[in-house]
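These notes open a run of structures that come right after.
In what comes next, chain A is part of two complexes: it sits with chain B in the first one and with chain C in the second one.
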Partner chain A sequence: MKVYHQTGFRHNWNIDSFQQHVGDGLIYSPINIDADKLLHLDVSVKQTGFLDPQLYLLNEAKGNLPTYPYFPGNIKPDYATPDLDTSHLQLAQLCVDFQLQNSFEYIVIPTRYYADNPTSYFLQSSDYFVLPFCDYLKEKGIQKKILLSVIVKGIMLTDDERRNEALNWITGHMCIDGVYLIFEDNFTSKQIKDFDFLLNALMFIKVLKDNGMEVHLGYNNTEAILYSIAMPDSVSIGSYENLRSFGIKRFQDLENGPMRGPRARLYSSQLFQWMDYQYIDAMSKLVEHYENYFDESEYRPLMFTPDYNWQFQKPEPYKHYFYVFNRQIKSLPVSQGDRMETIKAQIKKALSLFRTIEESVLLDEDSDGSHLPTWFNVINAFQKEVSK
Partner chain B sequence: MINDCKILKELPAGGQKTVHLAEHPTIGLVVIKKGAIKSFTSLERIKREVELLSELKSEYYPQQYHFNIDIKTKEFEIVEDYIEGSTLREAMKSFTTVEQIFQLLQYITNGLSIIWERNIVHRDLKPENIIIRKSGMPCIIDLGIARFLDLESLTKTISPMGPCTPIYAAPEQLTNNKNIIDHRTDFFGLGIISLELFLGVHPFDPTYLENHFSIVENILQNKFLLETKQVKRDERMAELASKTLQTQPFERFRNHQLLQSFIQKHLQK
Partner chain C sequence: MSLRFEKYLKSNFGNTYLKEHPGLFGVPDFVFYAKQQKEISFISFELKLKDWKRAAKQAFRYKSFSNIAYVVIGISSANAAMNNIDHFRKYNIGLASFDSNSYFEILFKPEISEPYSENLKQKLVNTVARSRKKCRNIRILLG
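Let's look at the complex of A and B:
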């Protein structure tokens, strides 16, 4: 299973990390990087990754999107949905050509985002994106693998009819090799703790894998470990929270950085948890060998010095996460059965570690591993489904 | 061209058309089809079928020689190859072992992959629409209701059922869920035909399922036979059924390459 860097603001951190052999490639974000700059990046940081074309809102000129040749506003000012009728072929050609110019590993077909998908959503997506992209690639004789972007909305996981409609549509295109799959995250908590959501997400991935498709998961937080039991082809690592959870806000507001300064956190692979640094501070005073709860990396010595000024603009906690999480994913067993058993055992161990920590330091619900019992139950439920 | 042909005999035909066996001085035996154009939709369907067959030029499909529409009489006429052989319905007894069935299935899917690759779905696969030539090779006929996925649908959305032969139709045809009609719809028909060859009876037949539903109702409820009192279950056929006869297309083979490699794998054993 591969690990891709989900890039955004501070994509340099990801590129640095990738160049230090962390992760298998990068997913580029047009709103955050100028098209010309991307074009001039060394091919070595592009050839194992792909571009997220980000036409979610079609013609919203956010960030650097207007610098891209396929950006609809560059085809026609005030470009709107009806214009797709006449220019979808041109848009497809420009988008494919740009991706080819950059020598990415995959060609990605974009998708639109709606708060509530219209009834014609899938038909329109086929007509405006899938078919023109596939036809153009066939016409050009391109052999690269094609990924279809899909945003999975909550209702596609909970409502059978909507789920079947989505799965029939995704699997019905013979020309595509796989999907760039994004689960929309409307939860308010930092970790997803909804049993049905997580189990249905796993089943969704499983169906696509059963269909012989490549499944690349975007915008993953630590759930990537849980999703790994459905055997996707890749998961993602991202720095800020808006790269570890998909919300359309990221494409609506001009974000040259996080909108507000999040509290600095550090990821622990033993705890499956991003831990608020204030608790780490408390642990340093109250928990014996507190540092053993956190992973080794080249960034750790610096972060654990007393005068380290924890704040979200510092690269160390994020580069540490890339390194640690990538290693954690890569250490998972290859076989599905072993992977499920291993993660369950690790969850039990993490819960036991939390019990020890909370003998001295009480944690809030965003740091206390309270998602782990749900994870454990979801794995059991998925195991039961797989064995049917 | 029709004037050059000598009518030999009338052949059985479905619907409103007449079909004659005739002899052309240079081509030899041909079939002449004539019928009324009842609506714009039927005209469009005929035109699409004729255009497709004239482009295909494959032994898996009949060769088309002539097509004409008489505006005054609102009739069409088609001259095409006469395929010597028997329908699969008539030749069913020649395909009873799993090996024979898989071999036939391989030929048929090779033929169908030509139209699937062009985003066309046959939608009316049944033993009557497959002619087994004397050489043993199948010829697929009657693309009259084929769905051209790249062209506008001709099926009325309000119809309770889409165009099909109901007892060989996939659930999405029976419920007229035309948005999910694709090549996997044909996989369902192939699944029924294969099991019918194997079992000697229609796999959704209520007589053998011992229920009181019709074949169509059994298709909609996904109730089918994998064995009868006379024929024991075969795992290869069961696996084929599990990947073709599912209610939801996403539970069937995703594409013809996967179906073909499945067939190939079992033929090699």
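Let's look at the complex of A and C:
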């Protein structure tokens, strides 16, 4: 299973890590990198990755998106949905050509985002994106694999009819090799603790894999470990929270008020959790051998010096996460059965470690292990489904 | 509850406090400070009408920059909190009740401890260092 860097703000951290052999490739984010700059990046950091075209809001001129030749506003000012009728072929050609120019491993077909998908959503997506992209690639004789971007909304997981409609649509395109699959996450907690959501997400991935599709998961947080038991082809690692959980706000050109930076956290592979650094201070006073709860990396010695200035602009906690999480994913057993058993055993161990910590340190819901019993139950339920 | 408690703090212990001070670990309703010679002690308060469990988690965070952290619970929920007094003992978090007549009762007084974070403590020290305000009756809270 591959690990891709979900890039965004401060993508240079991801590129640095990738060049130090962390991860298998990068998913590029047009809102965060100028098109010319991307074109001039060394091919070695592009040829194993792919582009997220980010036409989710079609003509929203967020960040660097307008520097991309396929950005709809560059085709026609005030571009709107009806313009797709007349220019979808041009858009597809520009988007494919740009991806080919960059020598990415995959060609990615974009998708649109709606708060509530219209009834014609799949039909429109086929007409405006899938068919023109596939036809143009066929016409050019391009042999690269094609991924279809899909945002899975909550209702597509919970409602049988919607789920089947989505799965039928995805698997109904002969020219597609796989999906760039994004589960929309509207949870307020930092970890996903919803049993039904997680089990249905696993089942969704499983159906796609059973149908011979490549499945590349975007915008993953720690639950990537859990998703791994459905045997996707890749999961993602990202620095800031908006790269580890998909929300449309990131693509909206909003008049921003003062930004509140996230609190600095440190990921622990043994705990399957990002822990607020202030709790690490408490642990250092109250928990024996507290440092053993955190992974070794080249970044750790600096972070554990007393004067280290923990804040979200610092690269070390994020590069540490890339390194540790990539290693954690790569160490999972190859066989599905072994993988499930291994993760279950690791969750049990993590729960035991949390019990020890919480003998003296009272953790809040975003730093504790409250997601883990749900994860354990989800694995058990998925195991039953797989064995049917 | 907050306004009444503020009035109570002011009239019984002095106005040496910060209200909802940002930039720490959580936002305590009040951080009371007591200057004694060169030392400054910090006592944080988390006010809650109910949900002592959530309040305790918030109060624990305040131990990063306080010598003592209290959960001040509405009188109607005080029994529920008292039934779980071991939880407060375990994490060395203070528990007090406060009623509509501004009657304040300490139900569990924790041991004074050094804040877990030197940086956050220093941040607070820098904030109040120039203050000339005087506190009183501090022993009631500190023990």
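Going forward, the second predicted complex is superposed on the first by the 381 of 388 C-alpha atoms of A that agree within 3 Å, B and C clash if a C-alpha of one lies under 4 Å from a C-alpha of the other, contacts with A are read in each partner's own complex, and residues count from 1 in each chain.
The working rule: a residue touches a chain if its C-beta (ideal position, glycine included) is under 8 Å from a C-beta of that chain, and two chains touch if they have at least 3 such contacts.
Note that the structure is predicted; figures quoted are calculated from it, not measured.
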Chain B and chain C placed together on chain A: clash or fit? fit
If we overlay the two complexes on their shared chain A, which of chain B and chain C does A:123 touch? Say first, second, both or neither. first
Go through the superposed model and pick first if A:306 touches only chain B, second if only chain C, both, or neither. second
Geometry row: CA centre of chain A as apex, chain B and chain C as ends, angle in degrees (steps of 10) is 140
* Have a look at where A:362 lands relative to chain B and chain C in the superposition and call it first, second, both or neither. => second
- Determine, under the contact definition given at the top, whether A:282 touches first (chain B), second (chain C), both, or neither. second
Overlaying both structures gives a minimum C-alpha distance between chain B and chain C, in Å, of 46
In the complex, chain A touches chain C at residues 276, 278, 281-282, 284-286, 306, 359-365
Given the complex, residues on chain C that touch chain A span 25, 56-58, 60-61, 63-64, 90-91, 93, 114, 116-118, 120
In their shared complex, chain B is touched by residues of chain A numbered 122-123, 131, 164-165, 167-172, 174, 207, 211-213
Touching chain A in the complex, chain B uses residues 116-117, 150, 179-180, 182-184, 248-251, 254-256, 258
